[in-house]
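Note that subunit A is present in both complexes that follow, paired respectively with subunit B and with subunit C.
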Partner chain A sequence: MTKYRKDIVTALFAFCFVIILNFILPRILPGDPIAYLTGFAEEDMTVKQYEYYEDALHLKAPLPEQFLHYLKSLGDGSLGYSYKKEATVRSLIFNRLGHTLQITLTSVCITSIIALVLGLSAGLSKSGSFDRAVTTSSVILNTVPTFMIGIVLLLFFAFHKKWFPYANLSSTGVRKGTVSFFLDRIWHLFLPVLTLVLAQLPSRFLLVRNLAANISEEKYVLYAKTRGLSRRTIKYHYIFPNIAGPFINLVGMSVGSALGGALVIENLFSINGMGTLLTDAVYSLDYPLIQGILFVTTAFMTLSIILSDGLCLVVNPKLRKKERTQ
Partner chain B sequence: MKHRLSVLVIILLSSALMLFAQPVKESPAGESSSFAVERITVGTTAKIEKAERGEYAFDMLASAVTELPLVYQDTSGSYHPLLVDFATEDGVSWTFTLKDGLKWSDGVAVTAEDILFTFQHEDASGSAYLTDQTDSKGKVTKAKYVSCTVSADNRSITLVLPSANVRMLGDMTSFRILPKHIFENNVSPTVADKRIGCGPYTFDSFSAESGTIVFKANADYPETPRVGEIVYRIFGNEDTMYLALQNGDIDIVWNYSMGVPATYQDFLASSPAVSLVAVPATNAPAVLAFNNAKGPFADENLRKAVSYALDYDLFKAYFGSEYASVPNRGFVPPTTVGYKDTEKLGHDIGKADGFMAAAGYRKNALGVYVDSDGEPMSFALTVNSSKQTHLGYAELIKTQLEAFGMQVAIDGLDGASYNAKTSNRFSNNNITTEAAIYGYTSAGMGMMNGLGSIYVDGTHAVQGGCQVFDPEFQAVIARLASSRNLEEYYVAAGALQDFYAAHTPLIALYWDNLIYAYSSGLGNLTVDAVFGLNNVNNWMTISSR
Partner chain C sequence: MKRRNLPLYLGLAILLLFVLVALVPSLFTSYSRKDMFPPWLGMSSEHFLGTNNLGYDIYTELIYGTGDTLFIGVTSSILSLVLGLAIGTLSSSESFVGSIFTSLTNMFVYLPKLVTLIVLSTFLGSSSFTLIALISAFGWVGTSRVVKGKIVHLSSAPFIENCTLLGYGKLHTVLHHYVRNLQDVIVSRFLAGATSCIMMESTLSFLGFGDLYHPTWGTMVNYAWKRGAMLRHAYNYLLAPGFAIMALSLSFYFLSLFFEKKQEEINL
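Our next item is the complex of A and B:
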């Protein structure tokens, strides 16, 4: 089996393991599973409430039957019920998922493009003035925590200059579906996305830059240079195809991990997203909700790993050939 | 050429964004508003997701606009009518009469049946108002009222308690009624149903994306408010919220039962755009509680020795606001109903040495107190490590007592483990702490017989951290419970404070005020003892400067 197929099988195996762990943990931990699965203390429930929860959670049924009910809740997409928030886990997650994705996907795309452009240029002119300036700045920026970047941007652009809003994703009274709403949303997303871009850029840039620097010493790049091809052609036609694999994997992993929520950003900019939902769930011991978030995050991680591995095969002819011969 | 063109396109797009994506002005309450103040924006960090009745944080917030409680308490501790007028002659039988002209926001009149229905509804959800409740372990909680009668005109309800309770109105300051015509036989009320209220405002909109909840003035309310629209803006963190207040984007800052934290007070006080109001608090933010039944502090002399070895001015200076003060030995702050002036706590090493000697300890050559077997006087101080300020209190106690000659081991625990060691409920009546740091809320201080007694009483089902089982203490509690009028309650309350002062079951490290913040552009604000600045009376008096 090739490396990529192995990676896909491992990802699927890990996904199944998380599902089983999600089911089994509240049932094997010391204490009453009803307390774990509802988030309420046993002492706070009346006999009637206790019996209701026991029934609703199918805890009187044998373990395999309980597991089937659990799988059914995953299959029908409800992902269980949060008794603390009195809503299905699906509705809680999907109300927030869009908000988080607007920030994280946008920032992943922007970061990837900037890291690629800067990384290829710096890598090709290794040890040049441009490389030295950008690499040094990246190393410095990499040491600054995300919340610090966010606070500085917030203080300067939102409170001092008043150019951008300091909280939420929309202004009050703007009708959805209008051009104003769209522009208003971009205006609100600007600072959170910029914060995440600045926080993620150094590591992405340094990876691309180092890969490009190694490739730029290959003979075919030197040959292209001596042929007098433009730097642009060398970067995007000679170097980029050869670093595409690790770059796609990096982007894929970023999408998956970004779903865990841009926790700091959401708190700082008062955005109602997955990060704040997870924080609430952990603080209020809302186990069904924690399980649901873990499930969705793992599903996205698995999917993005499979997709990025698949994409690597598509864009890299060497890998395709290797697959075929095996 | 192509490259330059793309740069030009990017510049043009960015300029367009900067030009067109300007802040969208919020729609005004009305072009020709008849209100003295068009809109008040209240900032909060409360977690609100559904903005409907039954969501705790929303209910607290809506208590000022759509879900008014029956009565309110001012900062001097007096109760006043809000939705109802109240009357009692003996403290046992209480009659509540609805104000004239009250309507639900769907146009139906508010009746006393709504109050009765709310009790019944709460009973069905596990509360014990009219019906005894049995929990999953068979423990019975007796119903609060033995009978309940609605008058023939459906405007009054009379509640009869099992014994006199002069503090009965305290429970009504957060009791919000349900519309019977909506919730009776309705197992799945709609979101719109859950937003029906009977206050001076009606629910207008909620947007999770813009983080706002808007309420507009209710034309059917018997009194016309001075503010046309109340907008609650939800923040993810306090830093941004206080900066927004300083920036003039919000008018009032509010979080239920909390004032402005000490860390923001200096910053806000220095801003001309912000005004602060200080209200004497009824909570006890910093408490050193002893285990009076087990361990070294079962000995009263050691409790007293600690009380004299601590320097309370340092706690006040390091942790309190400018309004903080050194507490009394009677423990409860002066704002408490039934407060009695007792001796002030003080730093007196001579007295502390005397109590150590009485307990059988003497100082060795290293300056450490040891007993007759040469064992040093040491104890574990339990603290909830997730509360940074509480850790600070513990560190300061440790420093001072070690300088005095006691050995202190700080036992820092996570929230769940802390509860399992310091409360009857979570420890299954097996409190193992020797001494612990607590912060008691206003609600907790006033619960049951008040004066923080639930935290001291070893027989209390939930709290009881001090593990006091003393018959003298239990007798005072019984007197508080059976007081028929305020005079009797005051006498019993005084006796309880005398007990605290004489036996030192716990110590308040400092007393403080609650600080509330609002825009300097506003005037004529009133503070509610329960809901702070977010109270319905404010919307009737507030003005722009």
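Our next item is the complex of A and C:
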């Protein structure tokens, strides 16, 4: 089994772990599972309500059967029912998912590109003045928690300078589907995406830089240098293809951590996404909704890992050849 | 010579200052936690950072929050280190048990850490100890991988082989050779872990999962945010805890920089 196939299997295991965790948590913790699964306190329910919920949640059935019912709710896509909001978890998350993904995916793309460009330049001339400046600043940036970056940007650009909006993703009164709607969206996305990029960039940059620095010590790079090839050619034609595999993996892994970061940032910028939904669910103790959000996040993370590993197999001729000969 | 030790002195100085603040907070502020003043006072010589909505002195809150922040950060990074060492050692064996623990480690890498932690802390309730347990339950992964790599590398090293050939017992080899060689990994992982645990704690506390009876710096930012410090222009209430977190993480980074340089010199 190649490394990438192994990675895909491990990611699927992680996915199963979350599913089982979601199933087990309300059932093994002290307290009535009904209280966890509905979010209502036991004392507030009438006997009739209690029996209704017990029946609706199949809690009288043996555990394996309960698990099957749980899997079914995942399989048909409803992801459970939020009794607090009286809607299926799917419909609640689905309304918000788009906003979260706009922030997450945009920032992952921007972060990856900047990390690649800066990392290659810094790695090729390790300990040069450029490398030192960028590495030092990313180390300092790395010590600032994501929410602090968001607060500082919000204070300066939205409250002090008033260049960017401080809440929501669209202005009121702009019609959907028009050019001005699109531009307005970009204007609103700017600060949240910038926050996430600044939060994610340092670690990604350092990884690319170290990868590139290792390759730069290879003899073919030295030879390319002595042939007088431009730095640009060396960076993108000699070093990049050799770090492409780990780089694609890095991008795949970024999606998961960026999703986590986006959940925090949405609360700062009052964006109607999964993050604010999660905070809402946490404060109202809407456990099914919280679990649904964990499920969807894990699903996205697993998907991005599988995609990136698959892409690694596609772009790496060495691996493809190995596969064929095996 | 002196330049080389600069990060060590700088890191130690900041860290010792924070430890001192944590141990004897009364030395740094003349107010107690619950002294009341008019709310939302600005910065002045009596109130370095002003007062909050309830009229508490913000600087005093910050001073008294140091202990809890340091305690949670350091305890959870020690626990993650111990867990990481144990699981790393177990997964380095070539047996079935080893492969199970290796898969476990790899699986944890792929979990969305922050969201899982949020879900778990909603279910388990928020107290300092739950926070420590949860952060360390997810903080051991990096350490375990590094420890495994180091042990596998050591096992095939000539001097370990030599020990076996010379007839030394397993205990002797482990105590005098494995442990000695793992020391630098342990130090560097502890320092890196402390930073990431402090970051994790502050993020969770900011989201409102902190222990309300022992407010850390993250909890302070959460309060400031919820109580409308932004609209009141009480920016210092929002920013000061952030700078404290940054300074503390930097101190750990400086220390790790020193040990990294030292290790590089030994390896040369």
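As a convention for this text, the second predicted complex is superposed on the first by the 318 of 326 C-alpha atoms of A that agree within 3 Å, B and C clash if a C-alpha of one lies under 4 Å from a C-alpha of the other, contacts with A are read in each partner's own complex, and residues count from 1 in each chain.
Just so we're on the same page, a contact is a pair of C-beta atoms (placed from the backbone, for glycine too) under 8 Å apart; a residue touches a chain by one contact, two chains touch by 3 or more.
Given the structure is predicted, the values throughout are model-derived calculations rather than measurements.
Visitor: Do subunit B and subunit C fit side by side on subunit A after the overlay, or clash?
Guide: clash
Visitor: Is A:F157 in contact with subunit B, with subunit C, with both, or with neither (first, second, both, neither)?
Guide: neither
Visitor: Quick one: is A:N267 in contact with subunit B, with subunit C, with both, or with neither? Answer first, second, both or neither.
Guide: So A:N267 meets both subunit B and subunit C here.
Visitor: Thinking of the overlay built on chain A, is A:L183 touched by subunit B (first), by subunit C (second), by both, or by neither?
Guide: first
Visitor: Tell me which partner A:F67 touches in the superposition: subunit B (first), subunit C (second), both or neither.
Guide: neither
Visitor: Is A:Q49 touching the first partner subunit B, the second partner subunit C, both, or neither of them?
Guide: first
Visitor: Considering only the touch criterion stated at the top, classify A:E86 as touching first (subunit B), second (subunit C), both, or neither.
Guide: first
Visitor: Would you sort A:T297 into first (subunit B), second (subunit C), both or neither based on which partner it touches?
Guide: So A:T297 only meets subunit C here.
Visitor: Once the structures are superposed on A, label A:N95 by its partner contacts, choosing first (subunit B), second (subunit C), both or neither.
Guide: first
Visitor: Once the structures are superposed on A, label A:N168 by its partner contacts, choosing first (subunit B), second (subunit C), both or neither.
Guide: first
Visitor: Would you find which stretch of subunit B runs into subunit C in the superposed arrangement, from 44-52, 62-70, 260-268 or 350-358?
Guide: 260-268
Visitor: Shared contact residues on subunit A, subunit B side and subunit C side combined as an intersection?
Guide: Dual-contact residues (subunit A): 151, 154-155, 159, 267-268.
Visitor: In the complex, go through subunit A and note every residue touching subunit B.
Guide: 41-50, 85-87, 92, 95, 99, 151, 154-155, 159, 163, 165-174, 180, 183-184, 186-187, 266-272, 276, 280
Visitor: Would you mind writing out the residues of subunit B in touch with subunit A in their complex?
Guide: 17-18, 20-24, 26-27, 47, 49-50, 54, 126, 133-137, 139, 207-212, 214, 231, 233-237, 239-240, 243-244, 247, 425
Visitor: Using the touch definition from the top, list the residues of subunit A that touch subunit C in their complex.
Guide: For this pair, the touching residues of subunit A are 7, 10-11, 13-14, 17-18, 21-22, 25-26, 29, 36, 139-140, 142-148, 151-152, 154-155, 159, 256-257, 259-261, 263-264, 267-268, 278-279, 282-283, 285, 287, 290-291, 293-294, 297-298, 301-302, 305.
Visitor: For the complex, which residues does subunit C have touching subunit A?
Guide: That would be residues 103, 106-116, 118-120, 122-124, 195, 199, 202-203, 206-208, 218, 221, 225, 230, 235, 238-239, 242, 245-246, 249-250, 253 of subunit C.
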